[in-house]
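You will see subunit A twice below: alongside subunit B first, and alongside subunit C after that.
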Partner chain A sequence: MSNHNWNSPEAAKRIAQRHASERRFKLLGLGAIALSLSFLALLLFIMLRNGLGGLDWAFLSGSDSTNASVAGIWGAAKGSLLTMLVTLLLSFPMGVLSAIYLEEFAPRSRWIEWVEVSINNLAAVPSIIFGLLGLAVFINTLHLPRSSPLVGGLTLALMTFPVIVISGRNAIKAVPPSIRDAALAVGASKVQAVFHHVLPLALPGILTGTIIGMARALGETAPLLMIGMRAFIVTPPGGITDPSSVLPMQIFLWSDEIDKAFVQNTSAAIIVLLVFLLLMNGIAIYLRNKFEVRW
Partner chain B sequence: MILTAVLLAVLGLSLVGWFAARGRARLLYKGRASMHSMPAYHGWHMALWIFVPALLCWVVWSAIMPGLVDGAVMADPVAASLPADEMQRSAILAEAKAIAHDPFAVAFNPQARNLAEPIKAAETRFGFIGALLVLIAALAGGGYGFTRIRAGFPARNRVEQGVMALLLAASLMAILTTFGIVASLVFEAGLFFKDVSPIAFLTGTHWSPASTMGDNINDNFGAVPLFWGTIYIGAIIAMVVAIPLGLMSAIYLTQYASSTVRKWLKPMLEILAGVPTVVYGYFAALTVAPMIRDFAASLGVPNPSTESALAAGLVMGVMIIPFVSSMADDALAAVPRAMSDGSLALGATRSETIKKVLLPAALPGIVAGIMLAVSRAIGETMIVVMAAGAAARLSANPLSSMTTVTYQIVQMLTGDQEFNSPKTLSAFALGLVLFIVTLILNIIALRVVKRFREAYE
Partner chain C sequence: MTETKLTARNVDVWYGPKKAIDDVSIDIDNGIVTAFIGPSGCGKSTFLRSLNRMNDTIVGARVTGQILLDGEDIYASSMDPVALRARVGMVFQKPNPFPKSIYENIAYGPRIHGLASSKAEMDGIIERSLTKAGLWDEVKDRLAEPGTALSGGQQQRLCIARAIAVDPEVILMDEPCSALDPIATAKIEELIDELKDNYAIVIVTHSMQQAARVSQRTAFFHLGNLVEYGETDQIFTNPREEKTKDYITGRYG
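Coming up: the complex of A and B.
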């Protein structure tokens, strides 16, 4: 190729072709993102168009009803709140303690390897399988009250637990060893070094992961379907053992109604749910940006 | 009720114990190095000694109390008139318990009302005994803890041992959950396979569990159409949408976009992954499915159905895009920079570098990411429940309605039928298959990712 002439018309044409293909490829990438995002925009637009008209105080404070015009979401929202409370109270301490153990104390043994494999796999198990577990264990074996926030929260806690462990481990791993060494050097015990110094520094990261895990649990429907949280419930639950519904389940139940008037209710409930999720994710991002320390 | 109250009381006692022990330990302080542990550790040591024995006692009592109550009620003269049949008796007992807790509960058996009083009495009595036992355990533990407070007592080491035990217990939770999943699925599926042969289940092509009255029950539980529907929707249609879009998005974001653009586009793309599946399902049923039906009608398809595999698969694909994109992102980032720099230095354009160097080098990571995406898609439930339909058929026509494993699990378990029928149990058998398949996909994918990372390190 030594006699190649870069100024020949053939070479110029070839270079032009290659540049054109470069531009096409770049446009293709941009197009892929644009297409994905336009799908999201379409989804949001349709929900807003159908649902905004139905968002008023009566809708936010009412409970489920067979009449679309008086049906509201407070009952389901309260059920979601109670369920999330149970989930958080169980999965957060368990997840954080587990992450601390695996990252800071665990000896290299076959048992610990099993724990790690379990956690990685649990994070990828389909959510409906957790529903089957909840049905078989909490309802059929332990006879806990069906369709209650207690059982729903327990089931979702098992699902959220691995998410918190994985994000917790990453947050703890990100704390530099010099922090531990400094604490140990001035006479702190290993437990003191971890709980007084490493954990506070890792906490923003752990909280971010927890909020993201909770947001996922809040939007989850399939496992709750398994444990019977699909009953028609007119009175908001008073406690964690009362039968109740949750927001995504209310959306599912309304979407099944034949009455066209429920389209507005369903879309309005979706808007409420999405607002909650956006808020939670927003808080998570804020926490991450505000407290994240670059070592 | 009283048991919940006593648990709160124990918590209060622990708090009191904490302050009492710390106060006493402070009195022992006689200057530097006069004590082994700081006073607060004596407080923790005391609080643990109050709380842990009481909690153990509480758990044990809560587990055995229902049995004790039943026994006491059965011994009551009112219970003598109950029917001897085990099923009827437990039904009446359940109703009586509901009345005992809520006087306005409805009962279909007149006997239940008479039983409510003895049940209430027995529950109060045993609740009281239990509360007493728990309190005794708390006080005994606290008493022991209090006698330990001495200057030389290694309270910190003891507390730290307790903390370690707690940490270990928390991490065993993961194994327990996995074990729980496997045990419950295998157990219930085992009951199902007692009635239906596994071979017929895995290879039969006729699925109509509603008609269990047929001559041979094996003929009604052929799950192949469900497997096909699952693969067709989750692994074919959804991936046809998700792989090109996700991969191209990742390439654009990592190779072309400026950091400002990436900072905005990436979170927006991730919103797609954060939208709950029930919202996607509703969107599929409300908007996408009618669009596809109209499109099919305009093509001249006779009687297109509203529920179609295409609608469900399409929406599922969109849901998976950010997942594929972030996995591809990781895989591309793991390729050493020297490789693409070398290609660019030789005069290749960016797109040529991506196609000929980056993608082949990142291929194992991308394939593993796609496997994880498939495992997520086939386990997805709400979209197919709301948009794919109930018809179990072996068809390659994307416009026809099709059913999946997850759809059938929901279908089998949400009706009003007795729990131990083959119909309900089949849901656990399907769940077991789903669990095993996703597990295998995940394990292989994680292995590949790990090996792939090591190859470039």
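Coming up: the complex of A and C.
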């Protein structure tokens, strides 16, 4: 049997060392969290200090202007909403259908492997390239209206699509195979097993991935520069084909103004964008909890 | 009254280049319980899953030879695997109820096959299936509760009720008690014994005592071969093959 002496000084020292390294790790982890959160706190503090004064009804309901005290955010916010709507309506069904097909139906072949690699690569393409693509395809070839939420939404949908496919596949993969077996064994077809049983269980994961992708798209500026969404527009867009700006673009444009008065506007716009993002994350958490099935 | 329900002739099952079942021929009769025994990896579960084409879902799995259900080739192009699985039900090793209510667990099969035309008819199917599975008295007042909230043994009986609900002719059971305690196991074995008059039941089991208790015929598999097949009494008391004798006396496996 064991002849190790647990009461010896060496053994006590070893145990003390192990406890110390555990404490060190916890401190390190806490430190990492504190460091990154302190930057967020700093950002919030500066923005609130500079921008809160400018957040009034006139600012929230007005549109861009050369006069800083008249300029408002509603035009850009509405542009963002319309753009996101187009992005969601396109990328969500396409992404979910692709994820289902690749995960549940695709035969294991060289061709499918190639498709998978392409989608993963698509997720890593710099966003400015998508802007160039949108300019070349949607505006120069299909002659869709420049600067419009339609083209912006189409371009951002291309970017969001791979994010939804990848998160959707992971969510579908996480559904235990025994559920598929159970459905097939009572005589469900493959499509029935997937749509009646696998998809509802994967939905919370798919929705979370979708909203993360949408939040990323909401903050995108570079691809929209390429398709002309940086124009100076004084009336809020009436529909998805009207020229429009978006929130991050408005922030970029105002931060570029020489007039000191726009500093407050910039900060106020950042607050509006952050509120938008928080709202989306809130919806993501709500949907996840609502559809989560515990078993 | 025994009649042959399932007939396998020279069946090979392949997983890619690997042969998991080698030239198995067997007749499975109606109205009795047939047990498949053998050491882990001997192919008994693989063979079981080929009887209702559940192997179709495994990439690279391939079945050659003939498997007949009432004389009909189940791998023929005219046989729809969906219809086949309604006729040949399956119960799995780990209880796998849907994360839905007890009622919905059982209603799902009849609903997709259109077996009930009214709510009353569906209610009847639910009650009959749960009664046959010996679960009705325990759950009749809480049909809306999730099936996953039941105990392991109750979950497995729910899965049996779910299989019965689509009115199958054959029930395949893949080690149905391996995740259950002895009391729940005894209940399932009792249930199998009651069900056998109306169905052909095939059970894969690691427990030789279980095979001896519940089955009338036993097939011993080893390394993908069917070594011996006969009356359960004969297999356990007077095996013809040396390998069978070694296995049932615990010399290996």
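Note that in this section the second predicted complex is superposed on the first by the 248 of 295 C-alpha atoms of A that agree within 3 Å, B and C clash if a C-alpha of one lies under 4 Å from a C-alpha of the other, contacts with A are read in each partner's own complex, and residues count from 1 in each chain.
Here is the rule we use: contacts are C-beta pairs under 8 Å (C-beta built on N, C-alpha and C of every residue); 3 or more make two chains touch, one makes a residue touch a chain.
Everything numeric here is computed off the predicted structure, so don't read it as measured data.
> For A:Thr221, select first, second, both or neither according to whether it touches subunit B, subunit C, the two together, or no partner.
After superposition on chain A, A:Thr221 lies in contact with subunit B alone.
> Scan A:Gly239 for contacts with subunit B and subunit C and give back first, second, both or neither.
Once the two structures are laid over each other on A, A:Gly239 reaches no partner at all.
> Identify the partner contact of A:His197: answer first if only subunit B is touched, second if only subunit C is, both if each is, neither if none is.
Touch status of A:His197: second partner only.
> Between subunit B and subunit C, pick out the one touching the greater number of residues of subunit A.
B
> Given the touch rule stated above, what does A:Gly53 touch, subunit B (first), subunit C (second), both, or neither?
neither
> Does the superposition put A:Gly282 against subunit B (first), subunit C (second), both, or neither?
In the superposition, A:Gly282 contacts neither subunit B nor subunit C.
> Please work out whether A:Arg230 is in contact with subunit B alone, subunit C alone, both, or neither, and reply first, second, both or neither.
The answer is first: A:Arg230 touches subunit B but not subunit C.
> Pick one for A:Phe39: touches subunit B only (first), subunit C only (second), both, or neither.
first
> In the superposed arrangement, which partner chain does A:Asn120 touch: subunit B (first), subunit C (second), both, or neither?
first
> Would you check which partner chain A:Ser189 touches, where first means subunit B only, second means subunit C only, and both and neither mean what they say?
It touches subunit B and subunit C both.
> Intersection of subunit A residues contacting subunit B with those contacting subunit C?
189
> Would you tell me which residues of subunit C are touching subunit A in their complex?
52, 54, 57, 59, 82-83, 85-86, 89-92, 94, 96-99, 108-109, 112-113, 146, 148, 159, 162-163, 165-166
> Mind listing the subunit A positions that touch subunit C in their complex?
Touch list, subunit A to subunit C: 108, 176, 178-189, 192, 196-197, 201, 293-295.
> Show which residues of subunit B lie in contact with subunit A when the two form their complex.
Subunit B residues touching subunit A: 156, 160, 163-164, 166-168, 170-175, 177-178, 180-181, 184-185, 187-188, 244-249, 251-253, 255-256, 265, 267-269, 271-272, 274-283, 285-287, 318, 321-322, 349-352, 354-355, 372, 375-376, 378-382, 385-386, 406, 409-410, 413-414, 419, 427-428, 431, 434-435, 438-439, 442-443, 446.
> For the complex, which residues does subunit A have touching subunit B?
18-19, 21-22, 24-26, 28-33, 35-37, 39-40, 42-43, 46-47, 50, 93-95, 97-98, 100-102, 105-106, 112, 114-115, 118-122, 124-130, 132-133, 135-137, 140, 158, 161-162, 165, 189-191, 195, 215-216, 218-222, 225-226, 228, 230, 248-249, 251-252, 255, 263, 266, 270, 273-274, 277-278, 281, 285
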